[in-house]
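Two complexes, one shared chain (subunit A), two partners (subunit B, subunit C).
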Partner chain A sequence: MKDEIRRYLAIVGKDLRVEFRTREILYTTTLFALLLVVIFAFAFLSDQSKSRIYGPGIVWVTVLFATTVGQNRLFDRERENDCLWSLLLSPAAPSTVFLAKATAQVAFALLMQVPTIVLILVFFDLQITDPLSFVASLALGNVALGLIGTLFAAMLMNARMKEVLLPLVTYPVFVPVVIAGVKVTAVAVGAPVVEDVDTWLRFLAGFDMIFGVVTVALFGRMVRA
Partner chain B sequence: MNDAPLRLDCEGVARVYGRRHVLRDVSFTAGAGEVVAVVGRNGAGKSTLLSILAGRRQADRGRVVVTEGDRPAGAAKARSWLGFLPHDLLVYPDLSARENLVFTGVLHGQARPVERAVEVLAAVGLTADADRTVRTFSRGMQQRTAIGRLMASGARAWLLDEPSTGLDEFGRRWLLGLLADQGRAGRIVLFSTHHPSEVESAATRVLVLDGGRLVADLPGGAGGASAAFARVDGGRP
Partner chain C sequence: MAKGGSGAVGIGYGLTVAAAGMLATAIYAVFLVAPVEATLGISQKIFYFHVGSAINMLLSFAVCAMAGLAYLTVGGARPHWAGIADAVGVATAEVGVTLGAIVLVTGPLWARKAWGTWWTWEPRLTLSLMVFLLFLAYLALRAFAGSDRFGRGVAAGLSILGIPAVYFIHFAVERWGGAHPQVVYKGGLSQPGMRLAFGLSVAAMFLFAAALAWLRILTERERRQLDALYLEVDRRSE
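Up next is the complex of A and B:
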């Protein structure tokens, strides 16, 4: 167990080190997210009074699109020199490799989302009235996107059209996460909606648990197939 | 290496790509201390055989068993004992040589990966370039880093696919000495090659593959090398 924790930390540390050295994922996803926010701002700013209604959707659409761009790049550095096999042929358990890659993916996504969400709040003049629920929905939602996205990104690592295929296979699974995220965010920004935040947060936590087990169990078999 | 001796059994391994039989019923056993050269023409199945032995590819038929003493190893244990150097070097180009070796040491559960990396860097002649990213290295230096990866992993069986690729003459001589030393230290070494001189100077045994079949299993040294490459040529152009 102690060895597996060391391996997990080593893989996460390796991914963070390479990313901070190259900044490929952070630059591309952050720039893409900021571009989306600017486009949404031009499209919707004409009626600021409705920003609380469409603001939550903008937050989650931006999170979703930018996260997908990052997930497409996640395994590129493992593909070069066939490095994924240095992990799979090591004594590290496939579940350790998967959880480490998913952790790194979630870390990159959250780093990208901080400036993006600040910009959305400023552009659309949104006030977060329930910060705890908002942060919980982002955390749980990102874990769900990270688990599923990491599994499919690994599977499609060597596919010729992976940039197109990844959203095609992941978005149908992401839809419930985005809906739950939008519902919680709507309440958190004080939108005129009647939603039970606790129910949606429990849904996201349950989603994370189920897909956590499923994706960890499938990773080893799917990448070796 | 005070553990019980390791043995690698390849039992009736076959592999088919589409309709093409790349390996047909390949069986042999390699024991601790053996340095085995695998020779054959292009497409004879050398790389596929090494990939299957390493666990990188699955055999369609047959199996590979790693045994310590008389106990067959589980999957994780076998992975920790086998070190693989394929054509793709399995080193991270955006990490330095030192970072690659420390990372490998941690993955393979080495007790002192940082200190071991320093020793390995000296052994592969990369101490002066230890903190440069591998992407900035020449092909030969990248090959040395990849060989260092095997050393840092502590693997007890080395599987190397044309390991002298990219090395200059000095590097090639160093590599062959290293492989012979690993055999003397009790490791199993299997390497593929197209060069009779490499078989002659490092191998204690030669396996000849032809059309996916193991057609000869000969002793190493000068006599074995010339007999093996005579089989490889087979009178064909």
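Up next is the complex of A and C:
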């Protein structure tokens, strides 16, 4: 167990170190997300007073699109020189490799989302009245996106059409996450809705737990199939 | 694999004939035995095919997921069984898409007459749409992610992941409706004639789906045999 944790940290550390030196994923996805926000502003911002209605949707669509772009790049370095197979041949268990890659993915996604969401709040003049549940929904939602996205990004690493296939496969599964995220965010920005925030947060936590177990179990099987 | 092929084809013909007979009986029962519903009128007849397809769509979805599970668990150890599981997976997915298309065409047609609108984000309708989209994604993977072990493995993974996904989607869309008026489902089939027509429709759609799936599995098997023969020719000509 101790060894596995060491290997897990080694793989996460490797990914973060390479990323902070090249800034490939962070720079491109953050810029993409910021551009999305600008586009959304031009598309929707006709009446500032209504921004609380569509603001939550904009937050989550931006998160979803920009995260997908990042997930498509996640295994780029593993593809060269068949690095993923080397990782799987190492003493690390497949589940350790998977969780390490998913952790790195969630870290990149959250780092990208901080400036993006600040920009959304400024551009759309939104006030977060309930920051705790908003942050919780973002964290839980990102874990969900990260687990499923990492699984299929790894499996589609060598597919010719992976850029389109990844969202085709993941978005139907992401639908509950987006619904829950938008609901919690709507309450957090004070939109005129009646929602039970705790139920939605528990829903997201349950989603993370179930899919955590399923994706870890599937990754080991799918790479060996 | 060629051995016992004619028996399998015979079962395919048998299923097709049974499906055709059952469909004819169901149509007879729906239009001539079951009484016309008092409030909805003749448009209620579409319900028999709509719900019959929906039930069998969910069934093919479940079989597809089980085939995926079987494919990933027996995996490389027993290539023969893995091949069968894989063929069952692709066959049930394609049948599921066909049934899903029936559900999503008959649903709006009926909704237009019964509720006055083509589409409502009613939980059951939304769930059918999401299951349909998951099936389409599965087929996209089969078509474009490569027909090798890798492509099949990732498709099988999606079919398994689909089960918890459908559960969570179901919960989320039920609550998502929120303030919208809940459409009360016309559950009570009061007349025995209606219940008979409904049972026959479900059975007919089941046989229809089973016949299609069975024939599709046979086609898939033939395709594999052809591939194997090509490889054999290649090997011998070297």
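FYI, the second predicted complex is superposed on the first by the 223 of 225 C-alpha atoms of A that agree within 3 Å, B and C clash if a C-alpha of one lies under 4 Å from a C-alpha of the other, contacts with A are read in each partner's own complex, and residues count from 1 in each chain.
Going forward, a residue touches a chain if its C-beta (ideal position, glycine included) is under 8 Å from a C-beta of that chain, and two chains touch if they have at least 3 such contacts.
Since the model is a prediction, treat every value here as computed from it, not as a measurement.
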Considering only touches as defined above, state whether A:I148 meets subunit B (first), subunit C (second), both or neither. second
More subunit A residues in contact - subunit B or subunit C: C
With both complexes superposed on chain A, which partner does A:A93 reach: first (subunit B), second (subunit C), both or neither? first
Between subunit B (first) and subunit C (second), which, if any, makes contact with A:M161: first, second, both or neither? second
Where subunit B and subunit C land on the same part of subunit A: residues 224
Looking at the complex, which residues from subunit A come into contact with subunit B? 3, 6-7, 10-11, 14, 17-18, 21-22, 77, 80-83, 85-87, 89-93, 224
Flag every residue of subunit A that touches subunit C in the complex, lowest number first. 148, 151-152, 155-156, 158-161, 165, 168-169, 172-173, 175-176, 179-180, 183, 193-195, 199, 203, 206-207, 210-211, 214-215, 218, 221-225
Can you name the residues of subunit B that touch subunit A in the complex? 54-56, 58, 76-77, 79-80, 82, 84, 86, 88-95, 99, 103-104, 106-109, 133, 149, 153
Touch list for subunit C against partner subunit A, complex: 71-73, 75-76, 130, 133-134, 136-137, 140-141, 144-146, 149-154, 156-158, 160-162, 164-165, 168-169, 171-173, 175-176, 178-179
